[in-house]
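I have placed the structure first, in the form of structure tokens, so that the comments after it can refer back to it.
Order as written gives the chain letters A, B, C, D, E and F; numbering starts at 1 within each chain.
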Amino acid sequence: MSQWDIRHVIHDLQQVRHDWRESQHRIKEFGGRELPSKEALKEILNDLCGVLFPMRLGPSELRQESEDYYIAYTLDRVLNHLYRQITLTLNYESKRLNLQQNHLHQQELAQQIVQNFADELPNIRRLLDADVLAAFDGDPAARNVDEVLICYPGIFAIIYHRIAHQLFKHVPLISRIISEIAHSATGIDIHPGAKIGKGFFIDHGTGVVIGETCIIGEKVRIYQAVTLGAKRFEIDDQGLLKKDYARHPIVEDDVVIYAGATILGRVTIGKGSTIGGNVWLTHDVEPYSQILQSHSQQKSNHSAI
Amino acid sequence: MSQWDIRHVIHDLQQVRHDWRESQHRIKEFGGRELPSKEALKEILNDLCGVLFPMRLGPSELRQESEDYYIAYTLDRVLNHLYRQITLTLNYESKRLNLQQNHLHQQELAQQIVQNFADELPNIRRLLDADVLAAFDGDPAARNVDEVLICYPGIFAIIYHRIAHQLFKHVPLISRIISEIAHSATGIDIHPGAKIGKGFFIDHGTGVVIGETCIIGEKVRIYQAVTLGAKRFEIDDQGLLKKDYARHPIVEDDVVIYAGATILGRVTIGKGSTIGGNVWLTHDVEPYSQILQSHSQQKSNHSAI
Amino acid sequence: MSQWDIRHVIHDLQQVRHDWRESQHRIKEFGGRELPSKEALKEILNDLCGVLFPMRLGPSELRQESEDYYIAYTLDRVLNHLYRQITLTLNYESKRLNLQQNHLHQQELAQQIVQNFADELPNIRRLLDADVLAAFDGDPAARNVDEVLICYPGIFAIIYHRIAHQLFKHVPLISRIISEIAHSATGIDIHPGAKIGKGFFIDHGTGVVIGETCIIGEKVRIYQAVTLGAKRFEIDDQGLLKKDYARHPIVEDDVVIYAGATILGRVTIGKGSTIGGNVWLTHDVEPYSQILQSHSQQKSNHSAI
Amino acid sequence: MSQWDIRHVIHDLQQVRHDWRESQHRIKEFGGRELPSKEALKEILNDLCGVLFPMRLGPSELRQESEDYYIAYTLDRVLNHLYRQITLTLNYESKRLNLQQNHLHQQELAQQIVQNFADELPNIRRLLDADVLAAFDGDPAARNVDEVLICYPGIFAIIYHRIAHQLFKHVPLISRIISEIAHSATGIDIHPGAKIGKGFFIDHGTGVVIGETCIIGEKVRIYQAVTLGAKRFEIDDQGLLKKDYARHPIVEDDVVIYAGATILGRVTIGKGSTIGGNVWLTHDVEPYSQILQSHSQQKSNHSAI
Amino acid sequence: MSQWDIRHVIHDLQQVRHDWRESQHRIKEFGGRELPSKEALKEILNDLCGVLFPMRLGPSELRQESEDYYIAYTLDRVLNHLYRQITLTLNYESKRLNLQQNHLHQQELAQQIVQNFADELPNIRRLLDADVLAAFDGDPAARNVDEVLICYPGIFAIIYHRIAHQLFKHVPLISRIISEIAHSATGIDIHPGAKIGKGFFIDHGTGVVIGETCIIGEKVRIYQAVTLGAKRFEIDDQGLLKKDYARHPIVEDDVVIYAGATILGRVTIGKGSTIGGNVWLTHDVEPYSQILQSHSQQKSNHSAI
Amino acid sequence: MSQWDIRHVIHDLQQVRHDWRESQHRIKEFGGRELPSKEALKEILNDLCGVLFPMRLGPSELRQESEDYYIAYTLDRVLNHLYRQITLTLNYESKRLNLQQNHLHQQELAQQIVQNFADELPNIRRLLDADVLAAFDGDPAARNVDEVLICYPGIFAIIYHRIAHQLFKHVPLISRIISEIAHSATGIDIHPGAKIGKGFFIDHGTGVVIGETCIIGEKVRIYQAVTLGAKRFEIDDQGLLKKDYARHPIVEDDVVIYAGATILGRVTIGKGSTIGGNVWLTHDVEPYSQILQSHSQQKSNHSAI
């Protein structure tokens, strides 16, 4: 007998799992786990960062003469790893939806997704180069572009987002895990569905939330604690939340949004506008507008707060 | 002699430590470290997540047929590890308080704490299942319950909180370390003393602060950057901070609190109420209220911000 | 041939890197990487924490009798590691600025920086002891000073800041990486250039931003989501951002700034003042002021938000 | 271009591999590796040692109260790992022999092999207990049975052998890898095909060689550098080595063979016999014989050797 | 139910363990493991090698300027580790012998053993320096003394032996584990009880066996596969093996023993003698003798072997 | 003060090191370690095995389609690592010999050595393919060529030897470390200086010793415990050992040497000869000879041994 009396705990946990699976119609469960692995995806993203920026985010001993060897081997390997996670995920999704399993089709689809993803990597790098330049240009504290790439949480978040976004259409679960890895590391929460133009810069970043159906133009700059969220949730005829409809802001080119601003709903912030700190905004804004919060404050010595 | 001239540094550090220990009345210090270890607690929490959700947070190679073997071994092992950390902590606390050391009593107490904790695990799992369903029901972006469990920072935070809360009464130091592990990973800061009902959901979560004496009902939903804090700190007769009195809000069932709202003091938010984004609230709210911030803004093109 | 068609991807990535390097005037690139390594700095900071607080942040098996052995060896080793990172960084900086490389001079400079840094460690420890006491005194939830040291994110952030600040003048890139390690772990973003007096306490901390040219006095206390930022960025004659001028607040001794307050520009918050939660402040405040936000709210049952 | 001129090396290595594969009729090679992994087998054997002797070769923190939990989980897990290696091996063998692939059949066969192996584990433990006692009884330097189990290379070798032998019939490649792991660790080379009775003891052991078709009775004791080998290799009609025929000694119960003795061919060493050190033996020996080497030596001072 | 039918296996293993423990009079077993750990001892020996030869076997990044810091910290730490293993072992031994447990006495004894061991380290280093010089002087293939120290298995074995021998009197089980670590790495099997004078050199070494009661003088040189063993085992009145009596050779100063020689029993090899390869020797040898094997061989073309 | 009284130990160890360095004329020692690292060389050899046999000794997840990517990256990387170890070694050697340091020359020399080594790799692979076939052809227990490559210690030893031999001329210290890694793993001790023709096979192998100046032809096969050694060591005019002269056997093509045979001195074993087990041989042997040991034995029941 164990020092700890755990038999009843094991039994009760069994019962809770049983209840859960029954409530989720999963009594006949899979043999092995078919969810993608967060740890595997962390490694995949690390390798992809090395492929995209070999001399700055690759292995510290890498020499420039060997860049292409490193990239070829790492890219080939990381695509195999990604393929495995995608296959797991497609399997899981079709089981969850009680679709008839067609492994051959799933494998072909996974291959297609991976190859398309690989083809997009040079474009992703181009976008990210523009993001780095935008950060350097937009922050008086930035000393050089390499500091921006290796230090700035906003850059970390956008690298992960651009990768996650590329995978979002076919394997949203994987994208979501990737974006939460970045969220945990940076405090910046960008839904992988959001569309973001080039030259995007988030400074400081903690508390930023960018929703699933956001559309952000080029050269947009935002600061910490900015929310681009949904105004309210629509309910369908059965009283359930409607999912999958456009409910987050459109932010046009060259907009700047200062810290703590909250923009909610499918509104459009016109090109070149500036949204002040802590502004609360739920309607459209014309191009080249400047929106400020009215800051009425009382100042009183000796009064308690 | 060393390349670095460090003898005086070592000496000066000795002196500073001496001063510190003297100021803290600890000149006669312990032999070895008696503080619990953050690294050990991280592993314990990982194992507990596997025990609670074996096929989703357990080892990726686990098969459902082997669940109970895995749970029995892991639970037994993790309780031993927890027992060791608790024994360290009880020791530390009694030394700190200059209590007479009674190792036998401490061991019995530690055993009791661990066994009670084990007995509560099935209940904790049931609460967490309700939390997962609440998240799925409350977020239009959620695709399925497994995505919620493995991705959402709010779920991570509540798993850690429910475990920390269970240990809070007897070993608050351990609870506090656990809650800070979750805070660091998610940006969500829930004090382990807070009482939280089932079906709790925090969306996005970065910047949420929930204070020690909060009482939160069932099916409450809150968003990023919400503070449930103390209004002001009371001072006792010697001019020192009063500790350990009810100073944080009571939030009743079915309340929703939107992003950035700040609720301070021992106020009660009545059942079914909705608190709007960025609202600043220091008084009670009747059931089924809706509290909005007045958003007066100036809009002016061409003006500087 | 590979399962994946990656030859064109490799080629296109080559082209993007070429374009980037050309745009950055770096076609004749270095052989090996010359950027400091985030992983190396993480280990260095861990070791420095052990040197500063051996019995609380050092190896868990350490005994007090062996403290000085541990400190001597670890300090010597960590200074060598730091020296290597600093040498890399000085090299990188002089290449980036197209300075004539003078390795001998760089090594002497690196040695000087490291020795000075070592000499400052006892002072840093003294400052941190005061910070720990300030946290204990300022938080009713704090049970003892050791809990504060090992749990509180605000303490983690200030340890890293005081180390980073010491290195900021000569190797800002390294300082910046250190401060981003702390930012990622705590959600607290303190620029390594900020000057902070002793007895500094940040509670909860997520979302705090403290800018490069801030000057903060003694015994200042701030809460989560406080911003001490720049009001606007000045543009020089060529239309580029001016860098390196005083643009962040001065906060005098004994000031308390509550959660969510935003203070922008080179303003001075006078000694002993209290800034209320969510206050937006862009002007000087006299000593012993209390600044509150006017909280006009509409309360309406049954209305939608 | 690389610092190293490796293109021609890569090309030439390609050519050599091509030549090899052509010579081995393997131009159409498998996609992935299908050989069992030595590293995986090392872990499997470690786990099996823990299952067989939990309190002596299991994890050092294991408590006796938890033995069965540990065994159940570890056994289940290790059988899954073994199943995977066996499946790989069966696949490989059928490809190598150009058999038609029948994955379903292979999986069933692998399951059968693994289940049979599991069923035999208690018998293996019984045999090993007898081996440990034999070692303790036979070595004046042995202080207790636990020292024998955890220190003696002869025990290590026989544990690995009894496991490898059990798998030899169906997956000889895996058995061979296991026996070479033991050979490398101990210098004792026992072919997994050898049949060895209970109570077997090898002292010191370095240089012992026991051939594939040996049959060894109960309570046999042998010393370092003993060879139980084949006398000569038979050639078949095509001039190739005959494989798979009985060509090694039969050693009956209670035989002792001293260090350096060499016994070659299908000879029988009768029950209870003693073979002296360095004896060279190629013929049968009657029961209860004592075979000594004639040691003629010259002794001469001052002569060179 | 598991994929594998393992319940009966677990049950049968229980039964075998029960039978074993009953036969060994251990039904009332300890709670936790009380055997020393081979892995822990491997680390301890690694650290001791670093303490003895810091610039050659210590950490590769060590600088000579920091030697003493490294040694002080490592020695202090390794003595603590050794103390723990010795305490475990003394406990185990007293339980095994059913001695009354006296923890206080055991701790004092363990402290005494460890301190004495530490005091002997400089002498051990002196002996090893002489061993290294002897190897360099005795091997025409040796290029320099550092090559000898870091490459030669004979040096590895003698380092481990001199450490094991120092611990042999009080904790023979630990010594035995240490000597088997060296045996596994080198094929050289020196019983920790053997007394070996300075300037000892074993070349090649595989298959060397040196028994428990050997006494070896100064400047002795031996080659691979030499056995210094017991001639026969004496039986006591109950028919059991006699243990603990002098049964292995005495080898006086300046003796050379060539490869494969076997010397058995309590014989004395007189000072300055040379024993030829493969010689079998069971009697005393006068000083300055040269013993050769008579090598009668048949040479015959065309005959089979 | 430490629990352990180690100050005098540290001091005495200092003194011993001082004495050693003085005796070795090294009082003015190097700053950092300049000896090659065994751990680094282990990794280098692992990588080289992968480069030579990617699908059998490379990473287990490698796919044949990706072989060349893997090889290019790994080869480039491993050559850089080897270059570093060679540079260290050349430095060390020139300091040891008090040569004037010429870093530029050493770097060029190191580059030359590494490039030549890379150029030889395809030839090494060809030789090893022949070795594998020889093992398969020569062992009735061998089931297929892949088993031979991944299991046989003789193959492991010859892979390491062919690599070490290639480096022997310029960096003998590195070669020696490599050959001792193989010796430790296999019990086979081949000096890196030995010249060995293709199709070489060592069966079982434990105890084999092959000396520095051996010359071995093609298709030679040897068994465990064979020694190809020096007969006696020559002394020069100063009474020191002569180093670097031909003192080991020449073994011509197609020779077979059975277990335990000892062949000493610069003798020639003629083509196609067979040397029987345990033979002791110190003279030339004509081609196609068969040398057997005369095995005179006494057989006597009931007599003691």
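One rule holds for everything that comes next: a residue touches a chain if its C-beta (ideal position, glycine included) is under 8 Å from a C-beta of that chain, and two chains touch if they have at least 3 such contacts.
The structure displayed is predicted, hence computed values, not measured ones.
J.: If you take the chains that touch subunit B and keep only those that also touch subunit E, what is left?
T.: Both subunit B and subunit E are touched by C, D, going by the contact rule given at the top.
J.: Within the chain touch network, how many edges lie on the shortest path between subunit C and subunit E?
T.: Steps on the shortest route: 1.
J.: For the sequence-identical pair subunit C and subunit D, what is the superposition rotation angle on Cα atoms, to the nearest 5 degrees?
T.: 180
J.: Give a one-word verdict, same or different, on whether subunit E and subunit F use largely identical residue numbers at their interface, taking over half shared as same.
T.: different
J.: Would you mind checking which chain's C-alpha centre is most distant from the centre of subunit C?
T.: In terms of C-alpha centroids, the chain at the greatest distance from subunit C is D.
J.: Report the inter-chain centroid distance for subunit B and subunit D in whole angstrom, where each centroid is the mean of the CA atoms.
T.: 54
J.: Could you tell me the distance, in whole angstrom, between the mean C-alpha positions of subunit A and subunit E?
T.: Chain centroid spacing, subunit A to subunit E, equals 59 Å.
J.: Return the distance between the CA-based centres of subunit D and subunit F, expressed in whole Å.
T.: Each chain's C-alpha centroid was found; their separation is 25 Å.
J.: Could you list the positions in subunit C whose residues touch two or more of the other chains?
T.: Answer for subunit C, listing residues that touch two or more other chains: 2-3, 31, 61, 63, 65-66, 69, 72, 76, 80, 187, 206-207, 225, 260, 277-278, 293, 296, 304-305.
J.: With touch defined as at the top, which chains are paired up in contact here?
T.: Pairs satisfying the touch definition: A-B, A-C, A-D, A-F, B-C, B-D, B-E, C-E, C-F, D-E, D-F, E-F.
J.: Help me check something: in the complex, which residues belonging to subunit A touch subunit C?
T.: Subunit A residues touching subunit C: 51-52, 54-56, 58, 60-65, 67-68, 71-72, 75-76, 79-80, 114-115, 118-119, 121-122, 125-126, 129, 137-147, 150-153, 185-187, 204, 206-207, 224-225, 232, 259-260, 277-278, 293, 295-305.
J.: Going by the contact rule set out above, which residues of subunit E touch subunit C in the complex?
T.: 61, 63, 66, 69-70, 72-74, 76-77, 80
J.: Enumerate the contact residues on subunit E facing subunit D in the complex.
T.: The touching residues are 2-6, 8-10, 12-17, 19-20, 24, 29-33, 35, 37-40, 92, 96, 172-173, 176-177, 180, 183-184, 187, 189, 191, 193, 206-207, 209, 211-212, 225, 227, 229-230, 233, 241-244, 247, 258, 260, 262, 264, 274, 276, 278-281, 285-286, 288-294, 296, 304-305.
J.: Which part of subunit F faces subunit C closely enough to touch in the complex?
T.: Touch list, subunit F to subunit C: 1-3, 63, 65-66, 69.
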